[in-house]
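A short write-up of the structure that comes next.
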């Protein structure tokens, strides 16, 4: 077993374990922390998959900014294990777990016959994931999506403003 | 977009449409009445002209069409063959009669009432002149909408539910027909440019293409039912009839006249125009089923009519019985039966309108339609009674009244088809006598009661219009030949499909 | 291209306008002006090929090299134009009511313009990336608009439900995109460059297809992915429900059909059964559930599901008639729904009984409402009929699964049941005097309603007015 | 040469004019004018009929085509008249007796107010018109027009006093029972048309041989069903006694002299087809005989003067059918004629009595009228003798012709026929005795008012009495006078084909003269014995309150046939209709239709519970949906 | 590494995300689970990009960057969504002082 394979398995278990704990842990803060662990593991995978830039972005944007935002909101609301609403009724929980896992089974079963799933992915090799290449593509081929995603941010910004701003007059 | 020449079928549609739209803006009640009556008379004039306009009875004798939805092969194609002329004439005659008969009735927002009446006339005309399947469907539904509003707005106590049932029932039926129309359309042959023989459109809704469509027997079998259910609901024949008594009972009399006098003919006309030529094999396959249903319906409705206490329901069931015979006759696909159906379609319209006029007069005067509460009307209103008796006997097809000829021929055709159907259906002749005479006796004869003692005889306009009805009854009863001449070629053409 | 750029720009203009506009009404004027401008330039782009048929140069105002990530043709552009026209009517009819939702009027307009930008992208996307971005640009402002009535708990709840389920569907869509990409041996996101193999679709693509189908079904609120719709439409401020239920939903459908036609059209038969099932379920649930609703607003939400069921027939059929019909349907449905919502907003009481006796109090509203409802039912002479008719033709032309068509028309008959309940209330029932509204209705509003209903009837007579534009 | 008969259309047309004038101007015209118009047109028709008769007697028969009633590729029905020996004979009876009854009515109905008086005459004229149409029609369809037309007039006239619901019921019953028969007639016409493509008499009869025996039997049986309705035979006879609700002249004209004989006319007209269908012949003979006996037994115990006459009519009609059934067409027609005379006479006489008694119809309250109403009494007595078959009155000749023919066919027929004839004699003289003999049993007031009727009544009575006496002389049998049967000679062309056919296929030995005389003697003696017994018994009739018992009770209650019909047909039909109306229609069919609506509503209430408001549930359902779609796509 | 390992890993993460959405009541946690789903998709995209790069890389050297840029855009969108989503959650918290989605059932049937 090569190092990459060991790394792959380690990161995979880390990611899955983190993800399970996100769902399972009672305290929202813990959930967030476990989610961050999962994100780190995924970033590790990115590096393995030769997507170095994405790995960094994932850590900075997701694990960093976004998760901090979550944490901030949770702290703001002072949510903890006690304030956490109890789990849904047992049946609903079982139903959720069963349906969720059957989805996994179904997708895997659906792909079982596929030939392409035996294809290999190249690990730890190549330079497509470097900032230089991505940057060039982003600002040439992908300039339109890049520009237009600004609309997305603008609307998110306006949205945040609209929702957070207190109205001057009271409406019924 | 519109063609450069206007033909009679166009006039028949557009005069009522325009007049109807104008009526909405006439505020005074008498103005609306006069205007719509005038419009109805103009339409009648045009329709009468169509009877003499052209002697040739070819399908395209009075045709004009122009493209409408060109790229899907639908056109605003209208034409008048004999059957169409007959029924447009019936429509054109009915409306002035209805307007005059109800001239004294006063309706809330009468401009809307008369406007909708004229629009329904336009829809009916459209159904009878359309020679394009899509256009036919278009008018088929359009005729329904004004009637829906008329019944729901000006009807009786339970009008909303009753009319709604009627609407949904017929709407569901006609949607199924729409599927059928589209399916047939998708199997029509491509329209070729006459000069270049290039394909103009892949399929066509035109009647001639429908008539020429080649469908396998199995396709015909289920398409047949899609069409037939729509028509069966409209006619209505057993067991699709239950909307009818309720609707008739709840509608204002003028609308009931339209419904029963003209609108039920849409179903029969639809069968003649669209089922027989398009699905001949299915017709032959299912003729026993349909005729069986019709005959059962005749007996059934007659028996139920015996038990009705409400005059309007009574007339409704009587009408169902009569329509059953017509439907059965059509499906024999015998020329004599179809000839009978043609003349009977007209006659049934006239007779039932006459019946409604009388019922309407009684209701208007006494505010009661219950047979059990009436009695002895003949003392107070002898003229009305005479009229009613004549109409009632025409309704049960006494010879020398109009219905006899038609029923005689239909029965003859049915007999050719199968003797036992005729025997069974014949029982309804007897039952018709039973229920009609029962009604006449209970309402008109016997002693007056407190209610009917206040009855007065009919006024001049009512008398006039009933005399017109009577004249039509006797004229057609004694000399039905013009109707046969009118529809002869249509029937011959129709029956070529069955050879 | 003009529409995308201009709507985005005008959204920004409106955003900054919020700072400068003294009166609330000013925002409306600016919005209408901007919309007219967008519409005009979009039409300019649309009619261009006809004018310069022989010239190779394709003149648009903003000619950006999008590397074929967007694809413009008369079909897309016509659709955008129709949506812009609908939005124009929406602005004109509902402008005053938008002002009543909250303080941030010009922000609302800005968000609507952003949605329109998303609509335009969704109508013209050519890669899965632009599809994704377009859908998101459409969705995110809507989450906000749904929650814009901040003090109203229903509005809050609707926003959260919409947001949670919307992002859930985003996840599903991304999963679908990933699988399609993985299964595509060309390694491309371009929707017309998906290698579907010969014979059966590759399993990876198949899985992706199902995920994408589900995500799109969610966006167009097809059963069983419709659950957000009634709650969100019900909870959102009514003006925005009107917008969501019409323009956004129509855009969802255009994206849906374009995606599945271009990407998977060749193997249509292999996934048709899925659509058939979804369509049937949508028709059934939408129509049946609508029957029992007492609130007209909620009933219209269910009816929009039902109408979506009919529109799904286009995706089921997947032929030229279906595309024509879908655009026609979108126009007919949007106009009628905008109209009926505009009237609904004026009512004090959203229950069906609230409509009692409307014919006496406001005849114009009553008659136009009747036209809108008849169109939604699909009665001839209205655009709704032509739309349904095209759908049925398309579905039958397809030649498979005829039962679905029969089922669809039976459901259409059921739909008469609830639409006519309102008509009955309006025309045939007596309203109580106590409930009489103090009507805030201008003559302009009435005239607009009449224009919209005339337009519906015109389209009912001559659907070619729209369908002819779709092909050159 | 047919030019001389071009005017036949006037014969029915005049009564039609009379109908229209009297009907439309009933408010304006005075009673006398109405009477003059009403009777005048019939008189004119009668005159024309006589002319026509003379012409026809000269061998001039006429087929007239006026216009096409129905003319299509598939069916051609002309509005045709056929005037030949048979129809001309009926023309004479109808217009002649009709005229007398019209005259009689001017007096009898004089108490009606002028509008109703005019209405009455209008109906009567219309009836004559229809009846004339019936007999003059050149094909079965025209005949059917008249056939139903007389039914209508019968309905209108029975229910003339429409305030009384019993009368209306009687009218309704008459019409409906007629309709049952009419259905048979119609079916026969359909059948005929279907096989031969026409309903014109001459074509039909010429081609009758082409029909298969089954067809012939079917057609003739159905025609006979028609006849049983119109001519009041078993099982459709019960309407006729009830029809006595109408004014008495109406009973005389319609329910004795003319309409009810339409069935005989029709069968006589179609004689060739019937002759070729032996099965039908048996049926007719059996039904006729049964009716004759049954009605006679009932008549024995009736107390209503008109009811007795009504059952007597039914019985006599039975004889006519017996005649038809045994192939004695001439005899049947002969009996129609003589019956028209004496039964009209009897009815009119009864009317005169009722008139005098102030509307009283119960014989138990009469008696001894001989001394008050001499003309009525004498004419009535003559009528009774005629119907009892006493030689040389008219009834003797016609009845014995039928009986002789019956004997030829089957002696049993004859035996039963004679038994019926004896009953006839008995009940007629019971009637006579109870009415005219003995002492008056009515109230004093009635006695005070007793008077002989005016001339308008007595003159028709006298004329009819004369006819009833001498009418039989046109048909003196061979036994008495060679070539004495003028009627047979006259009608020979009508039955020529039949006679030939019979000669060929069913040759019978002619009865020897001695046998014939023996039979006559036997029947006359039997009848005479019954007559004398009745005379003896009822000339001193006293009113008793004792209820009838045993057979008498059954007879008085008309064998309970009405009750039987009521239980077996009317009531079940009514309850069946009620069942259809209340259960099948409302609960079944309408229930199913509404059930769809209810099911939708119910479904709506259930399905909307899915919309629980919980995001978790929504997502769960969505995921389930995803699973389902995956399964459909990949595992199905 | 064969691609199916990555597929199973991603689908597993995705399913865990779904299970989280199904079983939790806290709106923030639900939202986090949605983020997990997005990340599963991201991972899958990246893995596929490498697979395609291996298969087609010689002819199209930049091919893999498509998917990576796609992932980049997904992160962009996710960020925007988060800001809006958290704003909405906060708004609700301000109104009802709870982030329990089960409390949100005014809209139903």
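By written order: A, B, C, D and E. Residues from 1 in each chain.
Following the convention adopted for this analysis, a residue touches a chain if its C-beta (ideal position, glycine included) is under 8 Å from a C-beta of that chain, and two chains touch if they have at least 3 such contacts.
Predicted, not measured: the structure shown is a model, and the values here were computed from it.
J.: Would you mind naming the chains that touch chain B and likewise touch chain D?
T.: Common neighbours, chain B/chain D: C.
J.: Among all other chains, pick the one whose mean CA position is farthest from the mean CA position of chain C.
T.: Most remote chain from chain C, centroid-wise, comes out as D.
J.: Taking each chain's centre as the mean of its C-alpha atoms, which one lies nearest the mean of all protein C-alpha atoms here?
T.: Taking the mean of C-alpha atoms per chain, the most central one is B.
J.: If you tally the C-beta contacts for A-C and for B-C, which one comes out higher?
T.: Most C-beta pairs in contact, of the two: A-C.
J.: Which chain's mean C-alpha position is the greatest distance from chain A's?
T.: Of all the other chains, the one whose centre lies farthest from chain A is D.
J.: Using CA atom averages as chain centres, what separation in Å is found between chain A and chain D?
T.: Using C-alpha averages as centres, the distance is 101 Å.
J.: Could you please state the distance in Å, as a whole number, between where the Cα atoms of chain A are centred and where those of chain E are centred?
T.: The separation of the two C-alpha centroids amounts to 5 Å.
J.: Compute the distance, rounded to whole Å, between the mean C-alpha positions of chain D and chain E.
T.: Chain centres of chain D and chain E, defined by C-alpha means, are spaced 97 Å apart.
J.: With centres defined as the mean C-alpha position, give me the chain C-chain D separation in Å.
T.: 78
J.: Show the residues in chain E shared as contacts by 2 or more other chains, in ascending order.
T.: Only 3, 7, 14, 17-18, 21-23, 25, 30-31, 42, 47, 49, 51, 53, 55, 63-64, 66, 69, 73, 77, 80-81, 84, 87-89, 91, 101-102, 104-108 qualify.
J.: Can you list the chain D residues in contact with two or more other chains?
T.: Residues 597, 608, 611, 613, 615-617, 619-620, 623-624, 626, 630, 633-634.
J.: At least two other chains touched by the same residue of chain A: list those residues.
T.: 88, 92, 95-96, 99-100, 103, 107, 110-111, 116-117, 142, 145, 149, 152, 155-156, 159, 163
J.: Could you list each pair of chains that touch, in label order?
T.: Applying the touch rule to all chain pairs gives A-C, A-D, A-E, B-C, B-D, C-D, C-E, D-E.
J.: Quick one: which bits of chain D touch chain C in the complex? Just the residue numbers, please.
T.: Residues of chain D touching chain C: 597, 600-601, 603-605, 607-608, 610-611, 613, 615, 617-619, 621-622, 624-626, 628-630, 632-634, 636.
J.: Which residues, counting only chain E, touch chain C once they are in their complex?
T.: 3, 7, 10, 14, 17, 21, 27, 30-31, 34, 37-38, 40-42, 44-45, 47-49, 51-53, 55-56, 60, 63-64, 66-67, 69-70, 73-74, 77, 80-81, 84-85, 87-89, 91-92, 95-96, 101, 104-108
J.: Okay, in this complex, where on chain A does chain D touch?
T.: Interface residues on chain A, with respect to chain D: 88, 92, 95-96, 99-100, 102-103, 106-107, 109-110.
J.: Given the complex with chain D, which residues does chain B contribute to the contact?
T.: Residues 165, 168-169, 239, 241-243, 300, 303-304, 306-308, 334-336, 339, 376, 378-379, 382, 393, 398-400, 404-405, 408-409, 411-412, 415-416, 419, 422-423, 426-427, 429-430, 433-434, 437-438, 441, 444-447, 478-481, 484, 488, 492.
J.: In the complex formed with chain E, which residues of chain A make contact?
T.: Residues in contact with chain E: 4-5, 8, 12, 15-16, 19-20, 22-23, 28, 31-32, 35, 38-39, 42, 45-46, 49-51, 53-54, 57-58, 61-62, 65-66, 69-70, 73-74, 76-77, 79, 84-88, 92-93, 95-97, 99-101, 103-104, 107-108, 111, 116-123, 126, 128-129, 133-134, 137-138, 142, 145, 149, 152-153, 155-157, 159-160, 163-164.
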